[in-house]
Structures are given as structure tokens and as C-alpha cells.
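What follows are several structures.
Shared chain: chain A. Partners: chain B in the first complex, chain C in the second.
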Partner chain A sequence: MSNKNVKVKEYIIKSAADFFAPIGLILGIYIILHGHLSPGGGFQGGVIVASAAVLIYLGYGYETATNTLKPNLLKKSEAIGALMYSFFALLGIFYAANFCRNVFYNVGNPGDLFSSGTIFLMNFAVGYKVLTGVGFLILLMFGLLANKEA
Partner chain B sequence: MKKFFTYFALTVFLIIGCYTAIEMSKLSPTFNGEKVNVVELYNNPSKYENNDADGVANLMVKQTIDKTHAINAVTAIVFDFRGYDTLGESFVLFTAISGTVVILRNAMKGRAD
Partner chain C sequence: MTQHLPILAIITLFIGAFIVALIKEKNEVLRNTVVLIATFMSFIFTLMMYKPIIGEGNIITYWMGNWEPVQNWAIGIGLEVDQLSLFFGLFISLSIVLSALYSFKYIEKETGKDKYYVLFLMMSASVMGFIFTGDLFNMYVMIEIMTFASVALTAFRNNKPEAVEAGFKYIAIGSIGSSLILLATVIIYAQFHTLNLAQIAGELHNNYTITTLFALALMVVGYAVKVFAVPTHFVAPDAYMTAPSSISMLFSGIVNKAAVYGILRVLYVVYQSMNLPSVQFMLIFWGTVTMFIGVTMALAQHDFKRLLAFHSISQIGYVITGIGLATALGITGGLYHALNHTLFKGLLFLCAGAVYYATGTTDLDKLGGLAKRMPQTALIFIIGAFSISGIPPFNGFVSKWIIYQASYEAGYAPVTIIALIVSVMTLASFIKVAQSAFFGQLPKEFKNVEEVPLSMRVPMWIMAILCIVGGIFPSSFTKYLITPAANAVMNSAKYVEVMMGPEFASKFYNNLGNAPVIDYKLAGYWQPIAWLILFGILLLAFTLVALLGGFNPKHFSYSDEEDAKYDVFYSGESAEFSHVGGSDLFWGLKYQFRHYFDLMHKIHNGVVNDYALSVVLTAAVVLLYVFTFVR
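After this line comes the complex of A and B, so read on.
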């Protein structure tokens, strides 16, 4: 892009980003929420959601990506995800069992979305933490790239 | 005074650790490999009889749905049986991102070096 002689048609990248960013978001959130039913889990789904940040950067540039995703908010949300995991692990102590104990695992039938107790909640906490953390990391590195180009 | 408390706490941890190690060595082992026929397992691993497995393998493979009600056995192991492992893993990621923020702090403010 630094070469002025080559004019890149940005419409192709922009329309590809428009097409693939919602698919990535929905697929990532599906994988996070169905971690206890289908292959995948918190880590993998979080990274898929964070790839939407890359698509927004490629299509619309660094300014739009930071205006859309708010890096300072993402940095705080990652700490909230870590605290959520610790809280769900501490639920075992509140229910008079040991740490990381699955205390209310027999709430739903096996195969339901809201079943398996703290596994579902911990899965969501790890997915939230990974999607905010990796998204923040990607935006930070793209910020360095944008400063070098300017 | 501060140094005294540090060494006192470390000594208490060391004593508790030694006591725990001595008490654990007296317990019976959960899996000592007595029933495993190594020659048979090496020759034809697909036909090996493993119905009478004991210890953690039996618990994790056969009783996953009874104990956790989760269909995906990998998620059940990662988030339930080995919850400490996932806690450490997620805090490793947290530490890595904190280190990146410290190194690339200037990029956040819009200043190139």
C-alpha cells in the first residue's frame, strides 16, 4: 500500500470484509456457547471472534477499527473475564465443596444448551476473556503498523 | 521484621509440604500399572482388553456423562476435572497480553519511536 504507483482496488477487500465479518462473529459465538456439546470451546471460539477485528482493519483501516472496538474497553473486559472464571471456580467453596468443583451439574438433561453446570459458565468466561484479549492484542499490533506507515 | 515474616512463612509452607508428602506416600496408589499386559498392548493395541482399567483413566473416560452431564468429553476434562490447568492457562494469556501492553505502550498513544 505504500507504493503509490499501484492503486489497490479496495472495494474487493471491503466487500469481502462485509461478507465475512458477521459470519466470523456468529460462528465464534456459536462455538463458545456450544463448547460442551460440539467440538471447540472457549479458546477456539474466542480466537474466531477476534479474527473479525482483522477483517474490520483490512476493510476500513485502523481508525474505524479502534472507533468500533474501543481498545481500552477491551483491556478492562479481559480482566473481567479472568475474574468471572475465578468466581465460577470459587462457587465450589461457597457450596461447601472444594475449589473448581462442579456443584450444580445436574440442572438440565445431557444435550441441552443450559446443562452441565459450571462447565457452560466457565466456557463462556474463558471465551469472553480470549476474544477480548486477542482482539486487544491484534489492535495493539495494528496500531504500531499504522504509526510506521504514517 | 519484614524479612523475618518472609522466612517464617516460607518455613511454614515447607513444613506443611513435607508433612503432606510423607502422608501421601503412605496412601495406596490409585494406578500402579499392575493389570497392564505390556507385551499384549504393544503387539495388537486395537484389540487390547481395557474394560477393567482403574484410576483416573476409568473415571475420565467411562463416567464423564454421569459426573458432568457434558457430551463433549474434552470440554468436561478441561473445565471440570482439570479446572486448575485452565485457570493457569488463561492467566498465562493474561500475563502475555500485559507484557505486550508494557512493550508497545507508545503505540497506544499514537507516538512512533
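After this line comes the complex of A and C, so read on.
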């Protein structure tokens, strides 16, 4: 990050944040996407992704964290994630089964990423809701801290 | 289609909440439309369940994701809607619609309306989920969503310090209650390795251990905190007072009722413990104490909504007493009173909201004479006040009468007497409210207040009409609503059989299929025509006396005492403004019982630590009681 406008406080923390934030993001998204194949899932992956928000705050301060992550957008995205989940869960009713029923489960080979029907999409929706929701909560709490410091 | 109705009734409200979260705060019309459609659809879905469930006597079961029991072992989350759930669902979804309708105008001038409606719909959805679920952990999750939404809504007017304080108290006490429920859930899960209510009910049938009794005690106290039974009621007045009135209505109408449903479900269906005299006595004692302390505290209040909150506690005492009697008549009375309490207490809270909307205060010492400016609100308030006081021909009379009769027949005559006294005190304190808020002299600053808008009056009128209908046609109400629900309460075996299959149920129950059906006769207690004639005669006599000048103050002799505060009050002195404020109408009673009121005042000290301690102490006492007496 060679942006001159960004105020950098501590080089060690910033370097660590630069190093770990991408890892957190990749790992979290990996866990969300592979929720139907491996341990973990939407919630766990979502929280790991949201931890990247903490790293950005630690490295670059509250201003940068809010400018990059846009709390209002996160708030709306959380509602979108919840709506996505409801939609995929309702698909079960539309396809003549019960609510939350996994449909299209015959698509793909077992073990592939796109192989388990709507359970994959529901898992993704949960992950999206959690990463935006927890991210928003983290920014909100840091916002309280930032106000206290000012 | 029928089997999907329960989940649709729940999920429409949740989807409504998520859509409202996406709508911009300024876009009022779209948001109100979404709220109205979501609540109304939920109500319609609930109504559509009436015919299959109560009409034909079926029970709807629904396994999420088609995860049906394997080898008599429930592995999925199930919904199960029997007559009891549907009975609660019907009036809960109706009051959600009415509260939404009322909210549109009522909170028009507030900020943060988008958050209000999100939380409103979340709370409504969680209550619907709570009463339709057949899964113990789902019950916990839903009551937790409900508690947190209620806490946030309590602190909705966060420009007022008392609102934030009430929210804090509520979250502290409510969390203790939730924790107790969670602990009980965990213990039951550890014992039976299942969370399905029907399966647990089967396993628990005549099979108590110390561990399950421990869970029972924790569960009862947890729901008692949510229902605001007396030693845990301290947050209720604060929360009811500071929340917007449309929300106070839901607190007493749906949040409280959800907890009543929880107690019923746990004690009657899951534990089947209500044939034990010790459990019956516990509930009756608890309910009686709750109704008495609630009403005496209400007599001492100066704030319209705070007074209503204490009455809410008191009326819930009736419900608990009724269901604690565990006779057919007692359950009928308790359920009927739960329905009526939702109607009349919702109505009264909406009246308080109308007064607040018009005048900006609910302090009884400042109000007065509003009947001239707000005649419809005053009339609706009188209907609500008569209903809650148990005056014929309104609905409160019917359910209270059933409870008197049931408690007397069950051999609890002292309870009957206390219930009667409490009813009289209820009337007394509502005379005070009517006198302080709607009659007497109109203060100058309220000369120009106007009647509330139509969209606020419509929900009030609907509830008022239901109050009257419930009082005039009690036999059809009991026949088409209450008795099926009461039968479902008594018939745990059927609940298990429908959910888990006859094979599973026959392992535990001997007499499947021929469960006792309540043979309930109305016993000739209610003849509306005779009461109506009596009412007419009384009204005529009253009018006659009034016309002859019987109430003219000059016929009474009263001395000119120095301190006008302690004058007996007569209306119509022209000399000076002699409005009797909220405090002074029953000063004699309060003086006589000053030691009692002093004690109560000391107990309600507003310190949240003490309140939390009282909840913990209640839990300890109930635990001791259950371990000692319940076998």
C-alpha cells in the first residue's frame, strides 16, 4: 500500500496487518466455500473474514477501516445475506419438499466444490451474513472507542 | 399447502424484517407497506390453519428439510402446531397486525423508524416461531431473539435517560432468565440426547430423576422471569413505561403470552407434571402473590403506563393461577384470561399511547379532562377499564368468573377471595386513571389537543369490539377456541403420538387414542340478557339521580379544611382548579396501609443488582421446593 494519504502509526503492526489480513480473508472465504465438504462452515468462515476488519483497524486506524469497509454497505449486505438464506431455504417449498430442504443435490460429483445443491448456497448466504454482520459490529465497537479517544 | 402454513407464518415476518432493513429511512410509504403486508400475511397464514387444526382436530407437524425421525429418534428440527399453539398464534398474530397499524402514525415523528420496524418484525417473528416450534433449543433461540429485540425496543426513545436505564435493566434480568432456560435445555439434552419436545415428553413420562427435576425448576424460573411473575417483575414497569405504546402492547400481548405458553408447554405437555399437587400449589401460590402485589403496586402509581404495567403483572397472576389449578375449568379460565388480557391490556396501552400522542405526557398528575377533547379514546378506555376490572358484559368478567369458580371448586377458597379483592382494587385504580386523565378539569395547556388520527383509532376499536364480543358470546368463544386448546393441554399423549409416530408413543403411554376430553359445561353462570337488564336499570337509576340533582355538590356538607389536598373529592367546584391528581384519590387507603406501601417502596428500589439477586433467590427457592416436594 503506497498510498500517501494513509496515515501510518506503527510500522510493525502495519506490516503484520498487511501480511495477515489477506491470509485471514483467503482462509475465511475458503472455509465458507468448503462448508459442505470440510469442517467449519458459513459462521466460522464469516467470523474469520470479519477478523480482517480488526487487522485493518489495528494497522491503519479507524478512519481508514471505515473508509475501506463502509459500515452502511455492510449493514445492507447483512440484510441481503439473510434474504438470500430465506430464498434458498424457501426453494425447498417451491420444489415440493419442506422448508430448508436441500434441492438440486444430484448436480456435480460428490467432493467437488459445486456438488451439493442449495446447501452450498445456503452456507454461502450464512457466511456472507456473518462476515458482514460481525464486521459491522466490530466497526461499531471501534467507533465507540474512537469517539472516546477523540 | 396446509403443512407449510406454520413455517410461512414465521418466515414472512422474518423476510419482512430483512426487507425493511434494506429500505432507506426516508422511504416511509414503501416501508409501511412492507410491514403491513408481512404482518397481515402472517395473520392470514395463521388463520388458514384454523380449519385443519381446530375445525378438524388435526395436528400439523413439519420437519425442516424433510429430516424425519429415524428409528424413533428425532434428528431434525420439527415444527408442531397443535390446538394450544394455534390458539396462542391466532391472537398473537392479530395483535401484531393491530400494533403495526397503530405504529404508522404513532411513531411518525420519531427518528430511527427503520430500526424500529426491523426490531418490531424480528420480535413478532420470534414469538410466532416460539409458539409453533416443536424443538426445545429452537424455543431457547426464539426467546433469546425476542428478549434482545424487546430490550432494543425498550430503549427506542434513547433521548430519554430512563429509556436507556430500563433497557439496561431489562437486558440484565432478561439474560439471567434466558441463561436459566439455556441451562435447563442443556441438562435435558445431556439426559435424553434429543431436543424434540415430543420425544422428550415420551421419555419423561412417569420417569423423573433428580436431574430432570433440576431442569424443570430452572425452566420454570426462566419462563417466570419472561412472564414477569412477582419476585422477578421489577423490570417490567420500567420497560413497559419507556417503550413506545405500540411496543408495550406487544410486551403484554405477545412477549408475556409467549412465556405463558412456555410454562404451559413445559409443565403440561413435556413434563406432564400438573397432576402433582405440589406443582399445582406452586403455580397457584405464585399466581396469587403475583396478582395481589401487582395490583397494590398499581394503586400507588402516578404514571399511566407504569400503572398499566403493574396491572399487566397482576392479570398474568390470574392466568398463572388458572393454569395452575389443572382442572378443565381452571385451564379454560386461564387460557380465556390470557386471550382477554391481550385484548384489553393492548387496548389500554393503545389508549395510553393515544394520550401520549395527543398531549406528550402520560403523567396522571398533569393530565385531566381529556374526554372533552378525545371522546372516542375516552370511550375506548372505559371499555378497556371495565373489561380488565371484570365488569359484565365485558370479556374480563367471563374469564375472571371462570377462574373464581374453578379455584373455589378446586378447594382454594382463599385464592377466590384474593382474586375478588384484586378485581375490586383493579376497578378502583382504573377509576383513578379515568378520573385523573379523562375527567375532571382540562388543564390549560391541553385546551387544543385533538383526537388521534383514524389509523390509530381503528386498531383500538377492533380490540374494543372484540372485548365486548368476548363478553357477550363466551360460550361460542370457549367452544371454538378455548376448549380445543384446553383439550390439547391435557392430552400430552396425542402430541407425542402425532410427532413421533404411534410406535414410539405406545412405548410410554398405555391409553393412546382415548384421552380424556374435557366435558365442560358453562354451569349457568352467564346470562347476558339478565345482566344487561340490570345494567340498564342501574344506568337509569343513575341518570334519574343525576337529573334530580343528587350529585350536585351543594347537597353534601363538607367542612373547609385547611389542607385541601385531603378533602374528599367532589366534582364541580367552580372556585378553583381542584383536579385530583393521580396520587390522592385513594389517599385514605394508602394511609391505612402505609407500612405495606413503605415496604413495597423499599423493595422496588431501582437497583439492578438487587433485582438480579431476587431472580437468583427465586431460582434457589424454586429449586429447593421442587427438590423437596415434587416426586
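As a convention for this text, the second predicted complex is superposed on the first by the 141 of 150 C-alpha atoms of A that agree within 3 Å, B and C clash if a C-alpha of one lies under 4 Å from a C-alpha of the other, contacts with A are read in each partner's own complex, and residues count from 1 in each chain.
In this text, contacts are C-beta pairs under 8 Å (C-beta built on N, C-alpha and C of every residue); 3 or more make two chains touch, one makes a residue touch a chain.
These numbers come from a predicted model, not from an experiment.
Engineer: Output check: A:27 vs chain B and chain C. Expected answer is one of first, second, both, neither. What do you get?
Structural biologist: In the superposition, A:27 contacts neither chain B nor chain C.
Engineer: Where does A:97 make contact in the superposed view: on chain B (first), on chain C (second), on both, or on neither?
Structural biologist: Once the two structures are laid over each other on A, A:97 reaches chain C alone.
Engineer: Specify the partner with more touching residues on chain A, choosing between chain B and chain C.
Structural biologist: B
Engineer: Can A:80 be said to touch chain B (first), chain C (second), both, or neither?
Structural biologist: Touch status of A:80: second partner only.
Engineer: Quick check for you: in the superposed arrangement, does A:47 touch first (chain B), second (chain C), both or neither?
Structural biologist: neither
Engineer: I'd like to know which partner A:13 touches here: chain B for first, chain C for second, both or neither.
Structural biologist: neither
Engineer: Output the chain A positions appearing in both contact lists, the one against chain B and the one against chain C.
Structural biologist: Comparing the two interfaces on chain A, one with chain B and one with chain C, the shared residues are 75, 78-79, 82, 86, 89, 99-100, 102.
Engineer: Can you tell me which positions in chain B touch chain A when the two form their complex?
Structural biologist: Chain B reaches chain A through residues 65, 67-72, 74-76, 78-80, 83-84, 86-87, 90-91, 93-94, 97, 100-101, 104, 107-108, 110-112.
Engineer: Which part of chain A faces chain C closely enough to touch in the complex?
Structural biologist: 75-76, 78-80, 82-83, 86, 89-90, 92-93, 97-102
Engineer: Quick check: in the complex, which residue numbers of chain C touch chain A?
Structural biologist: Touch residues, chain C against chain A: 3-4, 7-8, 11, 14-15, 18-19, 21-22, 62-66.
Engineer: Using the touch definition from the top, list the residues of chain A that touch chain B in their complex.
Structural biologist: So the residues of chain A touching chain B come out as 35-39, 41, 71, 75, 78-79, 81-82, 85-86, 89, 99-100, 102, 105-106, 108-111, 115-119, 122-123, 126, 129-130, 133, 136-137, 140-141, 143-144, 147-148, 150.
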